[in-house]
Each structure stands twice: as C-alpha cells, then as structure tokens.
Amino acid sequence: GTSSDSGSIGEDPEKIIMGFVPSQDSDEIADTVKPLADKLSEELGVEVEGQLMTSYSALVEAMGSNQVQIGFLPAFGYVLANEKHGVEVILKSERFGSGTYRAQYVVHADSNIESLEDMKGKTWAIPDLTSTSGFLFPAAQIMDKFNVEDVQSGFFSNTIEAGGHDNALISVYEGDADVATTFDDARSTIEEDYPDVKDKLKVIEYTSDIPNDTISVTKDLSDEWKKKIKETFLSFNDDKEMIEVMNEVYSWDAIIEAEDSEYDVVRNTYEKFKDTNLLDN
Amino acid sequence: MNMHVPPKPKKSPIKVVRNIAISIGLIALYVWAFATIEIPWGRIFSERTITNFDRVIPKLFSPDFTFAEKVMEYMMETLFIAFTGSFMAAILAIPFGFFAASNINRNPFLNTLGKWILNADRTFPEILLALIFVVAIGPGAFAGVLAIAIHSVGMLGKLYSEVIESIDMNVVEAMEANGANKIQTFFYGIMPQVIPEFMSYAIYRFEIDVRASTILGIIGAGGIGTLLVISSRNRNWDEVGMILLVIIIFVSIIDYFSTAIRKRIV
Amino acid sequence: MIEFKDLSLVYPNGTQGLKNVNVKINEGEFVVIVGLSGAGKSTFIRSINRLVTPTHGELLVDDTNILKYKGKDLRKLRTKVGMIFQNYNLVKRSTVMKNVISGRLGHTGTMKSIMNMYSKEDMALAYESLKRVNIEEKLYSRADQLSGGQQQRVSIARVLTQQPSVVLADEPVASLDPPTSHQVMKYLQKINREDNITTIVNLHFIDMAMEYADRIIGMRSGEIVFDGPASEVNEQTFEEIYGRPIKEDDIRGGKEDNDQTP
Amino acid sequence: MIEFKDLSLVYPNGTQGLKNVNVKINEGEFVVIVGLSGAGKSTFIRSINRLVTPTHGELLVDDTNILKYKGKDLRKLRTKVGMIFQNYNLVKRSTVMKNVISGRLGHTGTMKSIMNMYSKEDMALAYESLKRVNIEEKLYSRADQLSGGQQQRVSIARVLTQQPSVVLADEPVASLDPPTSHQVMKYLQKINREDNITTIVNLHFIDMAMEYADRIIGMRSGEIVFDGPASEVNEQTFEEIYGRPIKEDDIRGGKEDNDQTP
Amino acid sequence: MTKPLNTNVVPTGLVSSKAKLRMNIILLVVIGLYIFSSAMTNSSILRFDADFFKNVWMMFVQLFPPNWGYSNVVMDKLLETIKMALIATTIAGILCIPFSLLAANNIVHNKFLYNVTKMFLNIMRTIPELILAVVFVGLFGIGVFPGILALIIFSLGILAKLISETIESIDMNPLEAIRASGGNTLQVIWYAVVPQVLPQFVSFTLYVFEINVRASVVLGFVGAGGIGLILRQQINFLSYQNVSTIIVITFVVVVIIDYISNKLRGRLV
C-alpha cells in the first residue's frame, strides 16, 4: 500500500492518514473531518487524509499496522493501543477548561439514594460495557470502595446495558433503573427531548478524573515528525478558525499537551478488568 | 348404504414413536424459546415507548432533505464498494465452485473440504473481515470491498457448485469422445452450460451486497453504514429517515434492473 | 479394421458387460447391433473408443491393441472414432456452429481452441458437414432451439467434422419419432457410403436394423449370439436374440418419409 | 333439464366462443359433443356450471336461468353439477380419500371442512364412490402414485361423491391410452345408467362418441352443426362437423379392454 | 429440401456477428464499470503487497487458539440468538401466509391489490436489517425485542416473496376442480393450494431460520440482542481469542442447523 511503507523511522511519510472515532462520551459527533485534514496538510507539507471511523478497535489495530498514523483515540482506546502497539499520546483535548473529565452517578430526584452505599442492591443502567466513563471507572470505584469482585450483580442487583449514555439516563428517568453512570454531564444531551431532565435527575457522586481523548501517533513516525505534528496541532490553538473547526468536529475547546503517565489511571482501571470476565453478567 | 369405511392403514410403530418424539421435541423447543426469552414486556409497553414513538416516528417519516446530498455521496460509495466486491467475488468463486462440485472434483475428501471452506466463509462475520482488512490496507472503501468480496465468495461458491453439479455430464462425455483434452472439455462442454447461471447469481449477489455493505459502516470500512451509525448515535432520526429513503430508492431500482437482466440471461 | 479378440469386460460392481467377444468389423461396413436392454450393446460400442475399458482380451483398431492407451494416444484414437449419442449430447446453450466445430478439438491446439481461432479450412469443413445433413441455415441458432431430429443431425455434423474413420452410434434414434428416425438413419447410411466410414450402430428395432444394416450382430447377456448379413435374419434369429418370438413392439412403426426437412 | 336459449359467449378478447346456441338436454341423457379444436366444446360445457359466463341469451338449468347466479347460488349450482377434467385435476400431494371427499365441500361448512370433520355418511359415500370405480384399495395412496387411468377414476369418484344431477366431462380421455380410455368411458356410461345422471362429454374421437353416446352434438366455430342420435351419424355428418372427409386420425385405435384394473 | 442461401460463403465465427457484437459490448460495459468503481474505491491490486499479507496474517494468528474458557458465555448468547431466530421465523412464517396469497397473481385477480402488496413486500426487502435494528432499538430500547422485530420484518420480506412465487407456479387445475364442485374461496385455498405449497413452505421457512441465525451476528452490534452483542464487546476489547471462540461455536451451530434442516427438507419432497 501507499501508506504502509511510508512511516519507517527517519523517512518522510508520503501521506499521513488521520483516523477519528466519534467518541461515545461526547455529545456531538462530527461526520466530516476534511477541513482539519486540509489544514494539517497545508501546514505539514504532506498529504493528510482524514478518515472517519466508527469503531475505535479498528482504529487501534490500523495504527498497529501503520495504516493510520494519527489517531483521535479516547482514553481507553489509547491505553489499549499503547499496550498492544506502542502508540504514543502527544496531545489531548481540553473541554470546559479542563484536560480531564469524570463520570457521574445519576439517580432520580425523588430517589432516596444519597450515596454510593445506598446503591447496593439497586438496578444499574450503563451505556455500554466498554465505556470508560459509563462503566469502567464507576465499576472500578465500587470495586475498590466496597471490595467486591462482581459489581454488576454482586453489588447491584441487576445491570442494564442501555446502549448509550442518553439511554442510560432515560432508563432512570423512566424508572427502569435506579442508577445510571455517564460522563459529566450527559444530561444536557437529552435536554432537547426531555426538557425537565435536570430537575428530574440528580447527580449524587462523581468518579476520579479521567484524562480527555487523545491525539496519538504510531511509533513508526520519526521523532522529528511527531514533534512537527504536535506543534502544528498546538498552533491551531492560536488560529481562531481552526479551533472553531476542532470544536465543530470534535467539540474540543483547545488542544493541550499530554503525557503517557496521565493515562496510568485509565490503565490501572483497565488492568482490574483485564482478567476478570467482564461479560459474565 | 354400507357405512363401513376401512380404517387408515396402521403406521409402523417405529414411525409412530418417531413422529411423537419429533412432535414433543418441537413443542418443547417452542415452550423453551418463548418461556425463557428475556423480553421486558413492562418496559416495552410503557409510557417510555410511547414517548419514543412520538420522538422517533414523526422524524423518521420527515427525512432531512438538507442531508440528502451527503447521503447520496455515501450511497454512491456503497454502490461502488458493492459492485467491485461482487465482481471480485464472482470471479474468485469460480475455482471454489468447481472445487466444491462433486461431479468435477471426484475426490470425496477434497470435495467435502471445499464445501466446508465455503460454509465456514459464510459464517465468518463480515464485520471481522472488515476489521482485518482495515488493519491490512487501512480504513476506507477498499477494506470494505475486500470484506464484501471474501464474504460473498462463500455464498457464490456454493451456488456455483450447485449449478455445476446440475450440468449435463453427457455433453462432457461427448467432448471426451471427440478427443478433446481436459481444458478443451472445460471451455467447450462445461463453461457454456454454467456461464448464464453464474452471471445471474453474480447479479443477484450484487443486489444483496448493496444492502449488506451497510454493515461495513460499523467498523469504518466505508459506505452508507458510517452515516447510519453516526446519525443513529446522535439520535438524528430525520437523518436516519433520509438514509432509509435513499436506500429504498436505490435498492428498488437495482432490484428492478437486476430482475429484468436475470430473466433475460437464463 | 476393428477386431475384438476374446474380449471381456467386468464392471467394478461385478456385472459382466461383455463375455469373450470375438468379432471382426471390416472397413466401410455398416453394422447394426441389436439386443435386449442390458445385453451389452452400449458396452460393446463404448469399448471401441475406450469410454469403457475392457478388462480382459484384446481390442485391435487398425491392428494395434487400444486397451493400454492413455492420455495422448487415447485422445488420438478418439479423434479417429466419432460417436453419436441417443440424447445428441450437444451443448444446449452454444450455437450449432460451436457445437459442430468442437468436433475438431482433437485436431486443434488447446490455446487456439480456447481463443476460438480455427483455420479457414476447419470452418469450411464444419460448414460443409452442416450442409451434408441439410441444416446449414441453422448455423448460428442455439442448439436448444432445434427439434430433436435437427439436434441429432447437428451431432452427425459434429462427427463428420471430426473426419473419423469409424463412427459409433449408440441408439441414435431412440428419442425420435418414426419418420425422423428414418431420416437420421438415412444420413448415417449416406455418410457410410459416401465416405466409406465404418459405421456401428445400436438399435432396438428389428425392422430398422434390417433396412439399413449390411451386417447385423445380435447380443444377449454380453455375448454375441448372431452375426450375419441382414438378409439372413429370420424369425428364428430374433427368437435367439430376444429369447422369445417376435412381437409387434419390436418393430418401430411408420413408413419412411422422403421429405428430409422437418 | 338443461336448456340453451339463443346463447352466445364472446370472450373478453373478442373471440366468439358460442354463437346463438339453441339446444335442450333432457334428464338422464348421455350426450357427446364433438368438434374440431377451438369449435367451442369446452365453452359449451363450462357454461353449464358457469366456469365461463355466456354474454347473451339464457341458460336454464332445471328451469331457472343460471346466468345471473353469484356467490351462494353459484356454489349451489356447482354442487349440483359435477365436472371431470382432461387432466383429472387432482391435488397430487393429497390422498385419494381427501381428493374424493373434497367433492362434498359444497355440502359442508367451511370450518368443518378445514378441520376435516366430515360426517360418517359423507365418509361412507366417498368410499362407496371409490368402490363404484373399483379403486377402493387405493384409498390412502397419494394421488400422484396412481396411473393416469386410476387418477381419472378417482376424479369420477369425486364427482360421484358430490351426488350431482348432471356430470360434465371435458375430454376425460384425452390423456389416456386407448384401452384405459374405453375403461373410463364405460364407468361414465355406468353411472349415467345406474343413477340416471345427465352426462355431457366432450370427445375428439368419432368411434368413441358413437360407441357410448345416446345423442351426439357436433359443433363448429361456436355453432351447433349436428344434433341427433348416434345411429344417425354417417360420413357426411362428419364432413359437416370437421369440414373435411373422415381420416384415420379421427378414430382412436385400440379395442376395448374388459379387464378393468390396469 | 431447403436450399442453402449461398453455398460459397464460409462462416467466419462460431456465433453470428450480431451476437458477437452484443457480447463484446456487454463485456466492455461490465469491465468498464468495474474499472471505474475500482478507481472510486481505490481498489488497486497493486495494494496487495507484502505488508498486506503480513498484516492479514498478523490479525489472523491472533484468533488462535480460541479461548474455550469463554465458551459458556458464548453458548448463553447463542441460545438467545437461536430463540430470537426461532420466534421471529415462526411469526414471520405465520404472517407471510396472507401476504404471499395476496402477492400471487393466480389467486388475487384484483390488479391493484396485487400490485400494492407486491410493492410493499419489495420495499420491505430493500431495507437492510441493520437499519431495522437501529430503528427498533430507538423505539423499544436495547434488548432482544427490537432484534426479534427486525428479524420478523427482514424474514417476512424474503419468505413472502419466495412463497408467493411458489403459489404462482402451482397447478391451477385442482383449484378449478374444487371450485367446480362448489367449494368457496377458503375451501379452495385449503384443499387445493395448501397441499401444493406446504413442502416448499416448510423448506423456505427452515432456510430463513438459518439466515436469521446468521443475521443476528450483525444485530447485536447495534444493541438488538443475541450473539452480536458479545462479538462487539470482544472486538472492542481486542480479545480476539474470545472472538474466535464466538466464530467457531456459531459455525458449529449453523452447520448443525443446516444439517437438520436438510434432513427435514429431504423428507418433505
């Protein structure tokens, strides 16, 4: 392929492919990445193709085979990619002035659940078993705090996989579940359809901070190129037009530097689940 | 009038027992299926379903026409993916078809092997194929083409082998009696008998592949499925409505022409 | 010349298809084999171009034993021996011309035949053969658009194109109605006489055998039970072959029809 | 009694099936209609149970005009008029018994018939009918396991079960060989005589018509061109009907066969 | 005897020149379309380089060996899939009866009704099962219920088409015979149509059952229950050995279903 022989260390890539996965943890998902790719191409002096992907596992693997050089990976995807393919994080997003976000525990406003303890034996709505904020972080927190192995049916009485942060919230809103875990604050995503959601649903607790989604690069890119890419992206912060594009494409407010170590928290969480069978529910 | 009608002939006891066993088995199967399937009826017949209907249905049936251009673009890509993939499969399936046809490949072991390979291929999820090819060749339409091509070989190879198994072998014998060698027999005796059916099935497969390539969107291997996944995640039902409309129109047109062409071929 | 020397054939399942057959067929003869179903007529005929392989004895075609032939030799033998089948065995979806030219496959290189590159002579020969059976105007029709009699004539043209020295015909008229049968038999007789091609035909019907054959061979359970000129055949001969007196069914009805285009 | 009063039928495409037909058929008669293909024989017969609807004139069955019949009346008429078809029209995959009992559908409620709930009388009647055509031992065989003649006898049994006052038969022997044809005609004659059922049969063959009919009606282009007892038929009559002298083909060969189980 | 038109002309080809021209044009169009769509999808054969095969191989080997420890989870979901397919096929099988009767032109003589039914069925068959699943999940939430609904609609389209075609090809004579003996429409259908189409009906239903089992691999991806759900999870965790457990077990079950339904089908005809 044209791109596969492009990235060996020291050589200039002929073409850079940049992969996006619309994150489920964000409330707006773009369906075009062309302006961003064009701008990058202009700045880097090499053809850049933006590729919209719908599955981060495909993106992780494609970065592993160096078919994609730049990946917009969510935190959990980055940890997997780093572990398996040595993918390196160079930047991450800033939203609402923060480089991190967190997950929230949401219950019905009339509910008598006030704390994590009260959730014991209740029904839990999660967006998806692979969601960082919707499942992995809250589950890890409960595992640590209450020393349980099996959160889904050992701590909670029942777990519903709702298929999206919005649906998890709606489950609680409609009374099908007692607790939902989502990113902070997923309630605004359904405000249009459920105007009173912020009154009807309340947040009782948050998890620790989760680092935001990353811009990562494959290990096959030379250091020089990594640096060049990083600086180009950082320069977008000063370019009003570009930051608008970034915001539109991915709802990023700014691009900031990131270190691999920031993702240790995700890594540790993932380690907890790696060997347990997540799906014995 | 004599009111006597001879009784029905007695079935052999083995048959009776077998029929009873089959009936009990079937009833048990249904009882099991309906009794143990987990359907939260309470949730389905709830306020929430009604609000969902109110939210989804009106939007679904008022497609977002500003979205049409983008949908068309992706739909065209889907058509190209399906066409290229089906074409490749139509060619690739030929050797597999002959390999799996028992009247050509007379080695029972190899023949069975051929049939199993095709069967396994059909069961191998397209999504995983798409993933493998995204990794191998990068994300984009080509990965989708390859996934469609490889997946279609399974079904086309099976259909081809059935066509080959139904050919008139006397003709092959007549060719041999002419002094024709194997290759000549193949081109003069076998190919003319199978080509029209092969073409007909290939067109049929193209029709299926247009629909099937929606699935590729799940993994990022191009096509209209990408839009579908994104729009549905965003709960943009008017966009989903538009996608649905475009697919119905395109597939109907293809369906119409493919039926007309296939009728003429065979 | 074809010579069967103490030839026997046992099928893999143990059926004895031929039993110690000794017979000599001279060049240019028109021989008809008659016999009940299962008598071994087809086996006899198919041994000559080795569609089946006798298991014992010798079969000489032009003074060489063909039983050991394989690969190239076999194909050469088959090029020399043309065959006509009961169900014509044409490729239904190919044109008449393509079917007829396939008679030349044994004479044509593989690549050339795949690319449909035939010499002008071959094409002319094929066309000539079609003319000889009066069906040249169907040249580009698909074989499945022809009637049974027409298809059988195409299959004769195919054999003619092969320019064989021997023609075998395994019940060539069994699928045809009486007038068409006579027509086809006439064509066979014609090419036998005009080209001096040795012709061996299987038939079920007595009257037809007697009408066209120079020589009749009767078979029963794999053995030859009668061999002589058609004129020597009498009711008793048939009793020998069929094991019972002659019946109306053994005769194919209908008078021959002189108008040869259906 | 069936009476055609100036009856005409024009098919939607303009073909004139019947042209001003006037004829009266009395109870218990055995009438054979003869005529060339396309003469209107089937149209004549099918008018009587309204499988086709004449466009002009009157058709009286038992003194009431049936042309306006619809729905229930029509089904009642059909229950009274049994019909036998050239191709037997049995449901191949159903048993003989199920085919025969379907003759009683017109007398049975929809639900009952769908649940296969027939009265003992109906069952006995069906069996009786089978016995009358000597095929009772095939009771539980599937229809497609029977020979042509047997199938036609089953279809006669089906009609008998219907207990009709009129039987129509549209070329009931066209698909059968001569001995079997005679057998089937004999059964038709038998039920006509024993039960005094008016029987109207279409036939192609002269000799058979003359052998079984009380009365022969000749048709040509939708008109009746001959009507009289079988004894009055002569060569000239046929010339009138067929528009040409009698030929060998008009006669169905074969002697009748008295052994009635094939 | 027919005289040849021109005795001296020797044919130049094996098919008439008109047929040859037509064949060449068709060939040209098809190959042209192929080249064009290859270009549009960037499907160059040149991209099959060593890296390509290396990458395919690297992915492929990760599937081995399957993780048998995971098979009890797979079996659970597979049983759910089979239940879904069974229920959906049964309901579709019942629903398709009126539809296929209405879509058979030898049963329904009202052109309008026939065309409307046909068009409805055709449109239903154009909708990919994935969209059906997405919409039903949107309406009823995640779970097997929307999956079953999607499968019902999906199989109804196929079944009604196949069966209406079978009905259109039945022998019409027995229908006339039943009508001639006074049977009403329902009786005609029950006595003359049903026995003729029953074997095909069962055979097609079994065939659709098998298709449904395969289809539910996809449905799970959008949350409509069944085996696809865990396939997605395992792919997301990059646990390919679990993925291959899913594939292998699904394959075995499909083969068993295939075997049983072939046996049943063989018995019917």
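Order of writing sets the chain letters: A, B, C, D and E. Residues in each chain are counted from 1.
By our rule, a contact is a pair of C-beta atoms (placed from the backbone, for glycine too) under 8 Å apart; a residue touches a chain by one contact, two chains touch by 3 or more.
In this text the structure is predicted, and so the values were computed from the model without any measurement.
Undergrad: Counting hops between chains that touch, how far apart are subunit B and subunit C?
TA: Steps on the shortest route: 1.
Undergrad: So if I look at the partners of subunit A and the partners of subunit D, which chains show up in both lists?
TA: The common neighbours are B, E.
Undergrad: What is the set of chains touching both subunit B and subunit D?
TA: E
Undergrad: Consider the two chain pairs D-E and C-E; indicate the one with the greater count of contacting C-beta pairs.
TA: Greater number of contacting C-beta pairs: D-E.
Undergrad: Specify the chain most distant from subunit C by Cα centroid.
TA: Max centre-to-centre separation from subunit C belongs to A.
Undergrad: Just curious, how far off is subunit B from subunit A if you go by their C-alpha centres, in Å?
TA: 35
Undergrad: Which integer distance in Å separates the CA centroid of subunit A from that of subunit C?
TA: Subunit A and subunit C have C-alpha centres separated by 80 Å.
Undergrad: Give, as an integer number of Å, the spacing between the C-alpha centres of subunit E and subunit B.
TA: 5
Undergrad: For subunit A, which residues are shared contacts with two or more other chains?
TA: Each of 1, 4, 55, 57, 61, 65, 67 in subunit A touches at least two other chains.
Undergrad: What residues in subunit C touch two or more of the other chains?
TA: 94, 98
Undergrad: Residues touching two or more other chains, restricted to subunit E: which are they?
TA: 47, 51-52, 55, 58-59, 141, 222, 235
Undergrad: Going by the touch rule stated at the top, which chains touch which?
TA: Result of the pairwise touch check is A-B, A-E, B-C, B-D, B-E, C-E, D-E.
Undergrad: Quick one: which bits of subunit E touch subunit B in the complex? Just the residue numbers, please.
TA: 30, 33-34, 36-38, 40-44, 47, 51-53, 55-56, 58-60, 80, 82-84, 86-87, 90, 122-123, 125-128, 130-131, 134-135, 138-141, 143-145, 148, 214, 217-218, 221-222, 231, 235, 243, 247, 250-251, 254-255, 258
Undergrad: Using the touch definition up top, name the residues of subunit B that touch subunit D in the complex.
TA: Interface residues on the subunit B side: 1-6, 8-9.
Undergrad: Touching subunit A in the complex: which residues of subunit E?
TA: Of all residues in subunit E, those touching subunit A are 47, 49, 51-52, 55, 58-59, 70, 73, 137, 141-142, 222-223, 229-230, 233-238.
Undergrad: In the complex of these two chains, what residues of subunit E are touching subunit D?
TA: Touch residues, subunit E against subunit D: 171, 173-174, 176-184, 186-187, 190-192, 195-196, 198-199.
Undergrad: Mind pulling up the subunit A residues that touch subunit E in the complex?
TA: 1-2, 4-5, 55-57, 60-61, 65, 67, 80, 84, 129-130, 160-163, 167, 171, 277-280
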